[in-house]
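Below are structures written as C-alpha cells.
Here chain A shows up in two complexes: once beside chain B, once beside chain C.
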Partner chain A sequence: MKSKTAYLTPYFLWIALFVIAPMALILYQSFFSITGHFTFGNYEQYLSSGVYLKMTVNSIWYAFIITVLALLVSYPTAYLINHLKNKQLWLLLIILPTWINLLLKTYAFIGLFSQNGSINDFLRFVGLGSHQILFTDASFIFVATYIEIPFMILPIFNALDELNPSLVNASRDLGASAWQTFRRVIFPLTMPGVKAGVQAVFIPSLSLFMITRLIGGNRVITLGTAIEEHFLVTQNWGMGSTIGVILILAMFVVMFLTRDRKNKGGQIR
Partner chain B sequence: MAGNVIEFRHISKSYDETQVLKQIDFEIEAGKFYTLLGPSGCGKTTILRMIAGFLQPTAGDILFEGQRVNDLPANRRQVNTVFQDYALFPHLNVAQNVAFGLEIKKVAKGQIAQKVEEALRLVQLSGYGNREISELSGGQKQRVAIARAIANEPKVLLLDEPLSALDHKLRKEMQSELRSLQRRLGITFIFVTHDQEEALAMSDQIFVMNAGKILQSGTPVDIYDEPINHFVADFIGESNIIPGKMKADYVVSFDGHEFDCVDAGMKQNEPVEVVIRPEDLDITAANTGQVNVTVDTQLFRGVDYQITAHDVNDNEWKINSIHKTTVGQLVGLAFDPEDIHVMRYGEDEATFDARLERYE
Partner chain C sequence: MKKLTLIITAILIFCGVLFGINHELNAKTSADGQRVLNIYNWGDYIDPALIKKFEHQTGYHVVYETFDSNEAMLTKIKQGGTSYDLAVPSDYTVQRMRKAHLLVKLDKRRLPLLKNIDQRFMNLTFDPGNDYSVPYFWGTLGIVYNDQMVKASQVQHWSQLWNPQFKNQIMLTDSARDMLAIALIPLGYSVNTTNKTQLDQAAKRLDQLAPNTKAVVADEIKMYMEQDEAAVAVTYSGEAAEMMANNTHLHYVVPSEGSNMWFDNWVIPKTAKHRKAAYAFLNFMLEPKNAAQNAEYIGYSTPNKAAMKDLPASVRNDAQFYPSRETVTHLQVYKDLPLKTIGDYNDLFLEFKMFKK
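Our next item is the complex of A and B:
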C-alpha cells in the first residue's frame, strides 16, 4: 500500500500544481476588479454587455464550423486510409504536420495567402486577378480546420481500425447495401471515435487566438483573443479570468454532450 | 427431388501463386444438411465465402437455382451466414440484431416483431429480445446469430464453424438442436467444420476436403465405412491402416496371411491399404483370432478401453474394447470379412464409386 502511494505522488503533485492550482487561480482572479477589489462585477459585465455575449456566440459559431468541416474531411479520409494497404504509413504522413510548430504552419499560410503569395500569383497567371484572401473569415476557418484535421482523423481512424470486419460482412450478408451498412453499422460503431474527435477539435477551436490575429487579421474576435487582450494589453486579469472560467464551463458542457450515453460495457471489437 | 440449389462447376481459386481451390465440382440439393469437413486451410471456408458472395472464384461458375451468380453481390443472394465469431452488432440489442435483415428488406413493422419473436422462439431465446449482446453467454450469442440468419428465411444457411467456441457439453447440445432445426425449417444447411465427430453426427451429406480438393462425398455411414483413401480413413474416426496386397476378388493378404473380404474389382497382386476400425476388433485368447498381438498400452475412457498393441511384423493396432486386458499379454484379434475395407492407392472418387457400384 505504502509503495503504491509513493509511486503515485509525482502524478498527484503534477495534477495539483498544473491542473487544479491554475484553475483555482483563474476562478480566484475572476472575482477581482482591475483595481484589485473583490467583486462580482466581471461576471455582471460579461452577462450584461452585449459585446462579450456576442463574442461568445461568435467563438462557438466558428468552433462549430471548424469542427463540422474537420469532421467532413476527416471521416472519409480516415475511412480511405483504413482501406489502404500501408495504412500505418499513410496515417503517419497525416500526423507528420502536427509535429511542426503551429506558428510556423500559420506563417506558411501567410506566405500562401498574401497579396504577393503563391495563390494570388497563380490567380493572376490564369487571368483572374489578385484577391484579398488573407484576413478574411474564410481564410481563418480554412487554416484553423487544416490545423485541427489530424486531431479528428486519429480517433476516427482508430475506431474504424478496431471495427470487426466480420460485422461489415454480416451486414452485407443480411442484405444491406454498402451505404446501408455504413449508416447502420459502421458509423454507429465508430461514433465514439467521432465524439473523441469532436472533443479534440471543438474545445481548442473555442480558444484559438494566434490564428485569429495572423490569418483572421483581428477581424475575427473569439474568446481566446479576448483573454489574450485582457491579460497582455489591458492588464484586466479579472475580466480575462472570468472569460477563462466561461471557457472551462463550455468545455464541461461539450464533454457532457459528447459523453458515452449508453454504457453497455461491451467492447467494440 | 427439389433439384439443386447450389452448383459449383470447375471452381478454382488462387491467391497470387497459391491455389487454394482446385477444380471443385459439387451439387447441393435443397433441404439437406451438408457438411464441408477438412483440416484447417483445406479450402472449406473459402467455398463457404464464395457461396455467401464475399469471394469470387478465379475460374469456374457458381450456380444458384440454375442461375450463374458469380458476380451477384452478397447482399443480393438468398443465403445467410452464421459467422464463426457470431458477428453480432454490439450497438443493437438481441431483437434489433434479429430484425436487422428484415428492416433492410422493408418488411412491415408488425410483421418484423412477429418474425423476430418466432425466430427467437425457434432458438429457445423467447423473452431475450431486450437483452444487450454483451449480457449474453457464448451459447446464447450463438443462438442469436442463428436466429438472425433464419429470420430472413434464406434458401441456404451457411454455418462457418459456429460451434468451435463452445464447450464440449454445449457443443453436443447445439449439434442436435441444429439438426432438428434444419429438419423443422427444411432449409438447406451448409456447415463447415474440422471436427469429424460433429460432421458424422449432423450431416445428410459430407464433403471431405484436403488441400483444396474434395476427396470424397457421401453419407456419414458411407464415408466412415468405405473411406476412399488413407487421408479420409485417418481423418474420419480412428483406424488401423495396414499395407497389403489384393490376391483376388474378395481375398486380400496382409500381415503375412490371406483374409476374406468384401471388396473386389482390383488387379491381382495390386498393392492396397487395408482399414479396420478399432471398434470392429474383438480381443480373444491367443491363437484363436485371425492375428496375434502383444498389448502395449491400455487407457480407460469411460465407455471403453483404448488399447494399443503390435503384431509380429511390428504393425501397430488400435483396439477399442469394452473388456479389460493386461498390458504385455499376447492376445488374439478377431474380425469378420465385412470389417475389412480395402483402399487402392490414388483412386479418384468417380472410379471408386463405379467400382463399388459393380459388386455391391
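Our next item is the complex of A and C:
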C-alpha cells in the first residue's frame, strides 16, 4: 500500500502543479478588476455587455461547424486508410503536416487565397474573375478545418484499427448489408474514437486565435482572440481570466457530453 | 520494454549532448566577463552592420533579442528573468515604465552626443527633460494608398476613409488607440481624451467604418499591401516605408488636420548589468554618421538633427516621412492613460471588431 502511494506521488504532484494550480490561478485572477481590486464585475460585464455573449455564441458556432466538417472528412479518410495496404505509411503522410508550424501553414494559405494568389490566378484564367477569398467566414472555416483534421483522423483510425475484423465478417455472414454493418457494428464500436476526435478538435477550435487574424482579418472574433488581446494588449488579466474560466467550463461540458458511459453493453443495440 | 529503455536512453543522451553544447555556447559569451551588452529591441529595427561595427570598435559582444509589442516587452522586463541593458519602448510605455520604477535615470554627462537630437523631439510629455530616455526613431500614423486603385486626392484626410467608394477596401491596424484616434481627430477631440461621451461618439463613428473595413490586421498589413490585396491602409510611417520600398505604387499621407506622432526610445532598465556598455552603445548610435546609416536602412524618421545632412536629399526632403513644420504642429503624442480609460478604449475597439458589415 505504502509503495503504491510512493509511485503515485509524481503523478499527483504533476496534476497539482500543472493542472489544478493554473486553473485555480485563472479562477483567482478572474475576480480582479483592471485596477487590481476584488470584484465580480468581470462576470457581470461578461453576462451583461452583449459583446461577450455574442462572441461566445459565435465561437461555439464556428467550433461546431469546424468539428462537423472535420468529422465528415476524417471518418471516410480514416476508414479508407485502414483498408489500404501500407496504412502506417499513409497515416504518416496525414500526420506529417502537423510537424510543420501552424503559422507557416497559415501563411501558405494566405499565398493561395490572396487577390494575386494561386486560386484567384486560376479563377481569372478560366474567366471567372478574381474573388475576395481571404477575410471571409468560409476561408476561416476552411483553414481551421484543414488544421484540425489530423487530430480527428488519428483517434478514429486507431479505433478502426482495433476493431476486430471477425465482428464485421460475422455481421456480413448473418446477412447484414454493407450499410447495416457500418451503422450497427462499425460505427458504434468506433464511437470512442469519434468522441476522442471531437474532444481534440472542438476545444482547440473554441480558442483559435492566430487564424482569426491572419485568415479572418479579425472579422471573425473568437474567445481565443479576446483572451490573447486581454492578456497581451489590454493587460486586463481579470477579463481575460474570466473568459478563460468560461472556456474551462465549456471544456467540462464537452467532456461530459462525450464521456464514456459506464454500461458499455447497453450502448450497442 | 528493452526497446523502450533503449529509446529513452538515446533521447536522454541526446538531450545531454545538446545541453552540453548550449552550456559551451553560453560560456563563450560570458567568458568575456563584462564585455557583453544585452539589447532588447523590436524585430528588424537596427542595421545589423552597425552592431558589427560597434563590436569591432569597442570589443563588446552584443546579444540582440527582439520583441513584437510594447506590452510583451514590458511584461518580460517586469518579471526580470533576463537582464537587458537596453530596451526600446514607445512613448507611452516609457511613461508607464518610469512610473513603475523600472528605469535607470540617465547620467547625461555620459551622453555628450545627446546634443545631436533635434530640440523639437526632446523634453516631451512622456519623459520631461529626457531623464530616462533617448529618442531613437519617430514617426506618424497615416494613410497608405495604392495609386493603381485610388487617386491621391481621395485620401488626403481621415474623413475621406468613410467614403462609400472604399467599400471593403481599407485595411486597419489592430490597435485600439490608433483606430479610435482616426475617429477622434476628425471630430476635433484629443487622441488622449478620457471623456466617455467623446469616446462613445468616436466609437459610433468608427462603427460606421465597418463596411469599408476589409480586415483588421497587424504586421501582415505590409505583406497584403505589397501584394495589392487592398487599396488603402491605415498604418505607421515606418511600416509604410517598408511597403513602399517593395511596391512603388504605394504612397503615404499624413493628414494635415492631425495625427498621432510616436517615438521609440532607448532606455536602460533597472535590471541592467552592463551600464558602461549601454552608454557606449548609446553614444555610438547618436553619432551622426551611424544614425544616418541606420535611418537609411530602417526607413523611419530620425530625430538626430546632425544626422540629417548625412542623409540623401531625396530622403531628407521627403514630406511623407519628414512632414512640414505646419503638419508637425498638429501631431499629437500619446499619453499613458488611466487603466480604466485604456479599458474603455479596448472595449469600444472590440465592439467595433464585432460589428458586422
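Keep in mind that, in the parts below, the second predicted complex is superposed on the first by the 244 of 269 C-alpha atoms of A that agree within 3 Å, B and C clash if a C-alpha of one lies under 4 Å from a C-alpha of the other, contacts with A are read in each partner's own complex, and residues count from 1 in each chain.
The criterion applied here is as follows: contacts are C-beta pairs under 8 Å (C-beta built on N, C-alpha and C of every residue); 3 or more make two chains touch, one makes a residue touch a chain.
Worth saying up front: this structure is predicted, and the values here are computed from it rather than measured.
When the shared chain is aligned, no partner comes close enough to touch A:48: not chain B, not chain C.
Of the two partner chains placed by the overlay, only chain B lies in contact with A:166; chain C stays clear of it. Using the contact criterion defined above for the overlaid structures, shared-chain residue A:118 touches neither chain B nor chain C, since it reaches no partner.
Contacts of A:132 after superposition: chain C is touched, whereas chain B is not reached.
Contacts of A:189 after superposition on the shared chain: chain B is touched, whereas chain C is not. Of the two partner chains placed by superposition, A:88 touches none, neither chain B nor chain C. By the document's definition of touching, of the two partners only chain B reaches A:180; chain C does not. Taken together, the two structures place no residue of chain A in contact with chain B in one case and with chain C in the other. Residues of chain B touching chain A in their complex: 52-54, 73-76, 79-81, 83-85, 87-91, 100-101, 104-105, 132-134, 148-149, 152.
Those residues of chain A that touch chain C in the complex are listed here as 34-35, 49, 51, 54-55, 110, 114-116, 132, 134-135, 213-214, 216-219, 221, 226, 229-230, 232-236. By the touch rule above, chain A contacts chain B in their complex via residues 164, 166-167, 169-177, 180, 184-185, 188-189, 264-269.
Across the complex, chain C meets chain A through its residues 69, 71-72, 168, 171, 174-176, 213-218, 220, 223-224, 227-229, 339-340, 342-343, 346-347, 350-351, 353-354.
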